[in-house]
Every structure is written in C-alpha cells, then in structure tokens.
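In what follows, chain A forms one complex with chain B and a second complex with chain C.
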Partner chain A sequence: MSTAQPALATPAPRATASRRGMDGYAKYIFLLPAMLYLLILGLFPLLFSLRLVFGAWNAGQKNVTWVGLDNIQRLLADSRFWGSFWKTLSYVALAAGLELILGFAVALALLNVTRGRSWMRVAFAFPMLLPPIAVSFTWKMLFDFNRGPINYFLETLGLDRIAWLAGQNSALLSLVIVDLWQWTPFILLASLAALESLPVELYEAATVDGASRWNLLWDITLPLVKPYLVAIVLLRAIDAFKVFDTIYILTGGGPGTATELLTFYAYVAGFRPFNMGFTATVSWAIVIIMSIIFLLFLRAFRRLEEA
Partner chain B sequence: MSLSIGRGTKILSYIVLIAWAFFTLFPLYWTIITSVKTQSAVSAPNPTFIPWVQFEPTLQPFRDIFGEGEGYGVSGMGDVARLFRNSFSAAFFSALFAVVLGAMAAYALSRFRYRRWRNNDIAFWFISQRMMPPIALVVPYFLLFGRVGLLDSVPVLIAVYTAMNLPLVIWLLRDYFQDLPIEIEEASMVDGTSRYGAFFRVALPLAVPGLVVAFLFAFVFAWNEFLFGLTLTIDQAKTLPVQLAGNVTLRGPRYWDIAAQGLVVMLPPLIIALLVGRYIVRGLTLGAVK
Partner chain C sequence: MASDKTFWQYIERRELARERLKASRRTLLKGAAGAGALLAAGAPLGSSRIARAQDAPNLEGVTLRVFTQTGPFISGPIKFHAPEFQELTGATVEAIEAPNADLFARAQQVAQTGSGDFDILLLANTWMPDFVNLEYVVPLQPFIDADIENELLAWDDIPDGIKRKNSWAGTTYTFIVDNDNQTMFYRKDILDDPQWQEAYNAATGNDLPNPPQTLTEFVEVAKFFAPNGGGAEWSDAGTGYGFITCVLRGAQSYWYSYPWTAPYSVVPTDVAPDGTPGIYIFDPDMNPLIATEGYVRGLTEFVDVIQGAMKPGLDADRATVIEDIINGTTLMSLDWGDTGPASVAERSVVKNKIGFALTPGVTEYFDWQTSTWVTMPDGEIHQTPTHAYNGWSYYITNQTPNPEAAWEWIKWHASPGISSFDVASPDSGYQPWRNSHATNLEPWISAGWDEAEARAYIETILAATDHPNAVFDPRLPGAARYQETLELYTNQAIAGELTPQQAMDECTTAFNGITDELGRDAQIAAYRAHLGMAS
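Here is the complex of A and B:
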C-alpha cells in the first residue's frame, strides 16, 4: 500500500503540499486500528471456525480431528435443522411484516398530532433499550396461564384462556408478540424520521389539486418512503434472524422443537453437548442463509429503486 | 410536515397512539407492581393491578434478592456487587474503546478519500460486520480464548463487546462528522496544526454530543448482551443478564423476585432512556434512514 498518495479527495483545493503528505499517513493511522480490530475479532475467528466445519472437537480433546464432510452430512440429514430453518423464516417474515405495518401506522398517527409527540417518541423507544432477558421474564409473567393478566383479560371478555407458551403454534406466536413489543419501535421511529423528512410543498400542491387524504398517502407518501421502508425492514429482518434470548427464557425451544429457531438450534444441538465442530457447521449454515437472503433483498431493493 | 388535518383523522390518530402507549407501557407497569407484591398477592386467583387498593405493596422481594430477607437462599442474586461490577466494567470500557476506535475510523471515512477501495465500500464492510450472526463467533471465541486461558474474564467480554459495537458506532459517527463544518479544521491546518491536532483539538470537541450518544448506545447494547455472556463466562466474570437467566430453571414461578431482579437489570438502560432518550432516538433513526 503506498502511503504517500496525495489526498485528492479532501474537498479542499487550498491544501498545502506538506499537509497532503501528512494526510497520506494519517489516512491509514485513523482507519487501520478499527479495521484491524474487526479483522482480528470478526473475520479471523470466522475463518478459524471454518476449519472446525471439517473437524471434530469435543470436551477434553486437545486438538481438532479431521472428519471431512461428516458434520455437513449430519446437518443436511437432520430434520430438526430443516424444521428450524422453516420456522425461522416464518418467524422473521411474521415479525418483520407485522412490525412494518404496525410501526408505519403508528408513525402516521404520530405525524398527525402535535401535543405529546415528543414524550411519546421517547416512551415508545423504551422497549428497544431494555435487556431482552429481563423483557423475556416480563412477558413470561404476562403470558402465565393461571396468573397472567393477558389470560385474565381474555376471560373477562368471555374468551378462553390460551396456553401461550405451551401450544405448538401459540408458542411461536408468543415469541413474535415479544419481538413486536420490543422492536416495532425501531420501525416506528425510523419511518417517522423518514416521513418527517418529506417536503411539505408536494402535499400542499396536491391538496390544491384536490387530492384526498388517501390519495396523498397512496400516491405521494408511500412511493417516497418506500426505499427507506425497505432498508429499515431489511435491518430489522437481519436482527430478527438472530433471535436467541427470548427463546432461552420463554420456551427453551419447546414445546418439543416448536420454537427451536436457528441460533437456538445451534446452541442446543452443538454448543451445549460441547460438539464444537457441529456448532460451527450450523453457524456457517446460518451465515450462508443470511447472506443469501440479504442479497435477494438487496436485489429486490435495487429493482424498487429503479422502478 | 404539518397539514391541516380533519377532526376524524385526529381522533383516530389519538386512539391509535393511546392503544400503542398502553401496549408499550403495560408490561413495564406489570413488572414494577409485581416486584412489590408478596408471594400471596402473586398467587392470588385473580391478578391484581392497583397497589394499595387491590394489594398492599411491600419491598420484601428487593430485600430477598439483596440478601436481607429469609427468602435469600432461594431467590438471592448471589454476589450482586460483583455482578454489577462485571456488567458495568464490560459495558463501560467496551463502549469507551468502541467510541475511540470508531471516532477515528468515522473521521477518516468522512475526511479522506480512499482510492483503492472506495469510502462507501469501506463503510459497507464495517456495517456488514454487524450483520454477522453472533452464534458464528461463539465457538471460535470459546476455543481461542479457552486455549489461552482467558475464559470467564471481564477483559475478554470488553474485547468482544468492543467488536460487537464498533460497526454501529462508526456508522453513527460517520454521519456526525460529515455534518460538521470542515472549514474550521481547514483554517486551523492552514495555521500549521497537524491533521492530528485538527482531529483532537477541533473536530472531537465539536463532536462531543455525537460521541456521547454513540457511547450510550454501545453501553446499553453491551449491558443487555446475553449470548456471549452465557458462553464465555462461568462464574467470576458472570454478568447480570446471565445471572437473571439462571432463574429460568427455578421451580415454580417466583415472579415477585424475578420482577425485582429484572428491574435491577433494566434500571441503567431505563435511566439512560429517561435522561437522554430524545438524542438516542435521533441517533438511532438517523443511522437507519441515511
């Protein structure tokens, strides 16, 4: 890497020669520490774990033994893995989709009011900042079959109690509800910021032309914020993929394997029994799945932007 | 954006907002009132909602978890001081390091142009590190740190949390530095200040509000972190969320204790949210929309 490049880019035509030479080094001195840090603690461990995909390492063992494709074959043949894969996809789609609808709706409502807007913005942000483990225990109390307030409300309304965390389908749904509580605020506040950045003039012109409020929403607002919304939902979906804490506390993957989503599966099928080779294999599968979905999303995003 | 809004729309908006505020705040309210209930109030056939009216509040759960009551044997948090110290040091120092390294990189990305890789590619590489599923790092961390005998130590948590938060910090601060006027730095450099002087004496002081927000962000995320805490600590370096999670295997829901413990763990992030919530919200959404 040549370090004495003139800093062409510094948008300063007045730059002196000595300064340019200095920036040549400074450029790297400022950037490299963070880069090296992430290479050492991010990329290097990841590559190290690639070695484990083809190896076995169990408790008490000194070195990794070579097992070829055993781990991969075991993974691909494991119906628990595939079940986990599909459940994760439905969890992410359901959580991110509902959060988009709710978050955007509440953001629109917030845009319509002036009184209380600033404190609501802060109050609505609370859930995001709280520790997921503590949040999970809170919801464990709320979902409690006998003493939880949710079932009490249902009964008061004349409905049946629901076995929130113990039912095959309701357990996954319960996790989605917790996700909605904690992370809808992200979509809400980010889309509010996008909405607030829209130019008022457009609306004034359209109103003069006699457009109704629904027209405004569908024909002006939505097309303008669509690229933002896609980016926001993408970020949310990537994070939803990694869900672990709430499962650990609320369902432990159960009932049966009903809520054993990918990260949790990697933990219980690999890490807990100390089978490091297999955990590494599941982890790499997760990395690959996430990258593919990420790329598909990006392609859809580009198409949206072009359209 | 402000437009004349019909009465109906306004009423509908308020209904939506009140419903959402209820959904957001009720779980917190429930945690707070459960933490001041007695065992018999929690196990009552019908849940109670209003303190002093429906049940008599007590501080017994807090006495239990901090080791004064007789319930301590079952529900105590163990060495609370050490847990708190572990969580706090891990969060504080990792946030500090992430902001130091992040501010330098963010400044570089906003002031210099890199030609071999373009600036946007470098920024994208940084943010792509955040996309990585943490579980993929659990095994290599466990083995590599284990090999050098560093498992169950707070410095390892600090190192890991710094890496975890660095991408987000860079992303936030890059925006911040880009919005700072470049002219003051240039003027000082024309006067003979070095680039380092311009960074430390001109840009950094101007960026303090941004640095504080980034620091608090990193602090909260590290404070809340669970998966690395669970897999990289055993006892000595255990953090509060890991201790709290230990309740999951307890027999019978001792909700009054769990609520009190949960509140203790929630407290620092809640205080941060109340004090500087406005700036945090702005920082968070800025990062997503730009």
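Here is the complex of A and C:
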C-alpha cells in the first residue's frame, strides 16, 4: 500500500494528460458498439419510418417516392380510421376499467386471506402466463355460435344463443371478455403488492378511532394506493391499446369493421397489401394518439391529486 | 383444409400407391417401345420417372430454397418430394414457410430489397405483376422453349386455361401446380331422393333441380333445405342447412362472392370487347364494374342466401365450409376443389354422395357496355366459372444462382407422374390441372375414390379451367390492395353494416383511389396484359 500510493499520488504531469486523453477516447470506443447497435436497430428504423410517412412504397415499386402529405391527408379523411380510433378507445376504457375494478376487488379480498395466499397468487397469475395466441384459439372455440360450450350452457338455461363473434357489439365485447380473463390477474397481483406495502399503523390508529371498513377503504386505502393504481392502469391501457393477436384469431377485424381496432387497421389497410407509406403513417398516428391520451390522463390525475 | 388424415398418413398411403405404380411401369416397359407409347397407355408417370433416373442432371451441392405457405397444405408436397429429388440429382430442396396472410408482405419485402433469400417462390398467381415489375422473377419461357419436347414438362398435357394463367403480357412467368377454380359441391343423394323431390315440389311448385343450373334455382334449393324452408330434416347429422360459405373477415370471404357476382356482371366472351374472356371487376380501362346492377345483384343474392340458408353465427371460415359438407350438415357449397378429396377422407360421412358441377349460371346478365340487362335465349344459361387466386404457382427469382436447377425442380415436381399423386391427396391443397390427371386415376383410387366419382370431379375442374367464359382473378400491380379493399366492403355488406349497393359504391371510390395512386395508365396497361388484350 505504502509503496503504491506515492506513485499514484505524484504522476508525471505529461503522462497524466496523455492518460486522461486515452481514457477519454477509451470510453467512447467502449460505447461505440452499443451506440452503433442503437443507431442501426433504433434510430435508423425510426427515421426511415418517418421518411415513409411522406413517401409511397407499394408492392412492385422498388424505391420510395416522395408524396408529401398525401398519406396524412388520406388517413385523416378515412372514416374507417376514425371508426377504429373510437372503437379502440371504447375497448381500452372497457377492458382497463373493468380489469381495475375486478382486479382491485379481488386483491382486497385476497388481502384478508391468511392461509394459501401465495398459492392463490400463483393460480391467479396463470392466465397471463399463457401465450395470447393459444388463449385466443381457446376462446374462439368457446365462443363458437353452433358448437361452443358457452352457447350450449346458455341454451341449457333456456336463454338464446349469442352470436359472440358475429354481432356488431358482441364481437367487441367478446374481445373485452378475453382481455379481462387474461389480464385481470395482472391488476390483481400488482394491486395486491401495493396493498401489502401500506403501513399497518394507519389502519390500527383509524380502527381505534372508530373508522368503519368503508372509511378505511375510502379514506386510507384508496388515497394511498392511488398512485400505484394509476401506474398499473396506465401500463394495462398501453398494452390494451396495442391488442392484435386476439383480433387476428377471433374476428379478423370483423364482422365488417366491428373489431377493427387501430393496430389491426394498420395491418389490414397498410401492411398486408404492402402499402408501407400508409402503414408508417398509421403507426406514427397510433404513437401520437397514445402519447396525447396518456399525457392528458396523467395531467388529469395530477389535478385530481392537487385538488 | 380440415381433414382427420395427417399428412404422414397420406405419405404412407402414397408409398403403397407408388409401389403399385412401379410395378405397372415395369409391365408397361416390357411392351412399350418408348415414352409415346407409355403416354398413350395413360401412364405418364412411368415414362417420365424412368427418363429422369437415366438423364437426371448432376446438381450436387445445390440448395434450392422455396418460399411458400406454412404446411401441411401447399408446402407439404415439397417436403415430401424433396428427398426423392435429392436422390436423383443431389440437390437439396428446402421449404421456407410463412402464414398465408403474411405471404404477400414478406415476399414483397424480399423482392424490393433484392435479398437472395429465396430461389423459388410457390405463391399466388395473382401476384405475378408485382414480382415482374420489380424484375424479381425471371421469365420461364426460355426454359419451356428449351424443354418443349421434354416428357417431364409434357407441354401438350397442359390445358390452355392453365397456360393462359401462367402468362402475363404474353410471357410465361409462372408454372402452376394447383388449379384454383371454383365449382359446385352438392349432395346428389338428397337431390336424387324422390321423397325430397316431392316435398320440394309441394313447397315451391317447382321440380327439384338436380343439380341447380342457375343461381336463382340454387338459392331456392338452399333455402328449402334450411330450417326456415321446411326441409332441414334431410340431414342425418343434425340440423341441416342448405348452403355454407366463408364469411369470416380476413379468411378469404370475398373470393367466395365471385361465383355469385361474376355470372351477372361478366359478359359472354363472344360479345366482350375484342372477344376477350373474363372481363370482371374492371372494364378494360380500369373503371370498376363492381357497383353495376349486375355485380350488386349477385352480391345481394349472396347476402340473401347467407341469411336464409346458412347456419347462423357468421363465423364460418374456409375450413368450416369443407367440414360442414363432409360432416353431412350442409347440402351445397361453391368452393375451391378441396371438398372433393376431403369427401373421401376417413371421417367423411358423404363418401360418394357428393356431386360435382360447374358453378350455377344465370338466365340474364348485365351488359356493362350498354348498361342493359340481356336475357339469354330460351334454354341457354350464361355460366362464368371463376378462378379465385388462380392457383399456387412456381416462380424462379432473379436472385438464385442456380436458375437451371430451380427449373429442374419445378419441371420434375410439376411432371405428370409426380403431380398426379399430389392432386389426388386430400392433404396437399392442390387441385387437378393437367389433362392426364383425368386419365391416370390410379392415385385417386389409392386415395379412396370411386373411379367414376374421381373422373367426374376432375372433369368438372378441367371444364372450369378451359371454359370459354372462364374468369381469372385479376392480375394487377397492387392486386393485394384491391383484394383487401374488396374483402372489406364485401364483408361490410355480409355483416349488414352497409347495403350491397352502398358497399360497392364505396369500394368503387376506394378502387379508383388506388388506381390513381398507382398510376392509371400503367394500371390500364397491366390490366390489359392480364386480359391478353392489346394496350
């Protein structure tokens, strides 16, 4: 130790500068592969897709041609796009909203379970561990009008069969049901983790002061978990916004355009017929719409909190 | 296609059939001096396979990558025949697969970037112009010209309809190994039954047509044999329905509207401009014909028969169409040929009970040239057999370092002997396309067909192929965009979101938008090339 320290403490001034210079370059050299990776796989596609927004790249066409704002104009004038937009909002609001209510309610119930909670946690997590494609195929069989078990049970109960995947409203509702089944556990588990982290002392003090169960929930639990719930719902909503596999398998966007949500619209109107300029425009529109909605959502939440 | 037989069971059965054919080939060789005699004897397989064994080119070290649909259908036969080809020539053949819905986008990506991913494509015939315009595929004409006398190519064995589908703008770019046209499948045992003939007569006042010749008859029969028509008890397998078609969005449903809209909207070839057959969807100047009275009438009848004669639920996809015919719950369908081989599969309850016929015609059609309805002379019916997708077709890419080897594979796989096995299989997804498929019935009998039934099935398909009014699926640059658009609006009409007229009016606007975007003059030239007309 004693021999090494003086050497480190008194380096030759010129050597120090040189080493500093080398250190400076070295860090860039080490960063270079990662930077290149990011540039090639991140920035280039991003810029290229932006270029495509102002270009036409169709089947049989070798190069991208400049078309200015044509793609954007076409998108904004397309009633199908706006229809998809409102359907997507309905789907996200229904799915994320119902999942929040259900998931949080079950999490509250589980909080009072003392024995077997860990086991239940695993059991509840099961649906979200399954691949969405497999889940969709299973639900497709369940929803089958003529041979599906759901309609069989409805008939057994004396009720009419429901055209789950063929009705204008029931088809969208069917997608929500699949989403509920698969992703409510996510809200449940995240809410449960948030609930378990709340300080017990507050509840003990409130109980001593005579607070009812309702007071505990409304005045202590909800205000405390609100930030967590907002983050959880936001994550779920972002994910629900991007739904694709379920539509692809269950309805193909139909009947008509009943379940043509934004991501699927981008696929059928742009990608499948290889109209890449339009596909890029729809994709950017989805990103912008999502960003605006979630900024508004966060702002509203902040105001609510301040109030 | 739905079937309880796996591809491997089929292969096992094929092996047995092949052994039998080898035996018959030896017998034939004893008495026949040459290949001509063998062909005349109706055994093209024997001659071609022997010629191959003797003259097989040395392709040692060559690997051919074929891009096609995820198996077992379509890609299955490639995987099956590849080892045999390797044994003969030394070349390795690999199938690179993608799901049907993503095939076009993926192939286009590769074509536009010019990557050397694939040597051969086995894809839709309708996408030909998109590949040709990119110069991604090479003309097959020079290969054909060089091999015109070759037994494997057997050029004279190929119907003119297939040759027309293989060519665009006068040049052959593809080689079809599957004949995608639509025909009628119906329960001949039920339509033959005097009890049902009597019941039908009592209910409708008409004789039960066997089979229906016109769409009007077809609709009436389909509705009678459905629950609301009074004849639903015809099925032993449960509630019977008169008709089944594919209605699920994104599941090829718009193609199922072709047999309904074409008869009313396509003019007979003898009155068409320049005597050009199959002018459909667009006139020769690329003006859409889909909002004409004729097309809309066909679409309206299609929607009507779906509502009145088909099982409820609007969730039938292509597999359901085949399944519901072979499980005995549906009386009739207008479909690609796969129902035929499926009807002899083990779990089919309708073996030898299915009749085959051309799709129904009409007694009056709408002449878009004069905007008037034309009534056919008494006793004549205007039929327009539709070719949807036109057939799975081989292309050779310009990226392949081994175009000759690629041609050797195509020629061999499409040869009379090899193709006769594939088209007889319920699990290949290929339909008969060579004339010799109707004479070489051994593979069909091995696959469980009755000889007369097999002949009737093949002859119906070949009749649709060479029909004077045959309608080919338009081959246009951007065909996938037009198809996607037509599918959307057809589906909106089926779902009741729009009336057929509204749907087709909107579709017309969308079609014109696509044409203008892609360049109207270029599209007109391409469409005329598809029709075989002068620009």
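Following the convention adopted for this analysis, the second predicted complex is superposed on the first by the 261 of 307 C-alpha atoms of A that agree within 3 Å, B and C clash if a C-alpha of one lies under 4 Å from a C-alpha of the other, contacts with A are read in each partner's own complex, and residues count from 1 in each chain.
In this text, contacts are C-beta pairs under 8 Å (C-beta built on N, C-alpha and C of every residue); 3 or more make two chains touch, one makes a residue touch a chain.
Bear in mind that the values here come from a model prediction, so they are computed numbers and not experimental data.
Number of chain A residues touched is higher for B, counting chain B against chain C.
In the superposition on chain A, A:Ile133 makes contact with chain B only, not with chain C. Contact with both chain B and chain C is seen for A:Phe271 once the two complexes are overlaid on the shared chain.
When the two complexes are overlaid on their common chain A, residue A:Phe145 makes contact with chain C while staying clear of chain B. In the superposed model, A:Gly252 makes contact with both chain B and chain C.
Of the two partner chains placed around the shared chain by superposition, chain C is the only one that A:Asn58 touches, whereas chain B remains out of contact.
In the superposition on chain A, contact of A:Arg302 is made with neither chain B nor chain C. Contacts of chain A with chain B, set against its contacts with chain C after fitting on chain A, overlap at residues 57, 144, 248, 252, 271. Only residues 1, 5, 7-12, 14, 16, 19, 22-23, 26-27, 30-31, 33-35, 37-38, 41-42, 45-46, 48-49, 52, 57, 102, 105-106, 108-114, 116, 118, 120-135, 137-142, 144, 147-149, 152, 181, 185-186, 189-190, 192-198, 200, 203-204, 207, 213, 228, 231-232, 235, 238, 241-242, 244-245, 248-249, 252, 262-263, 266-267, 270-271, 276, 279-280, 282-284, 286-287, 290, 294 of chain A touch chain B when the two sit together in their complex.
Against chain A, in their complex, chain C makes its touches with residues 101-102, 104-105, 108-109, 112, 127, 129-131, 133-134, 247-251, 311-315, 477-481, 483-484, 488, 491-492, 494-498, 513, 517-518. Residues 56-62, 74, 80, 143-146, 161, 163, 165-166, 168, 248, 251-258, 268-269, 271-275 of chain A touch chain C in their complex. Note for the complex: chain B touches chain A at residues 1-3, 5-6, 9-10, 12-14, 16-17, 20-21, 23-28, 30-31, 34, 42-44, 46-47, 49, 101-102, 104-105, 107-109, 111-116, 119, 122, 126, 129, 131-144, 159-160, 162-163, 166-167, 170, 182, 186, 189-190, 194-196, 199, 220, 223-224, 226-227, 230-231, 240-241, 244-245, 247-248, 253, 255, 258-259, 261-263, 265-266, 269-270, 272-274, 277-278, 280-282, 284-286, 288-289.
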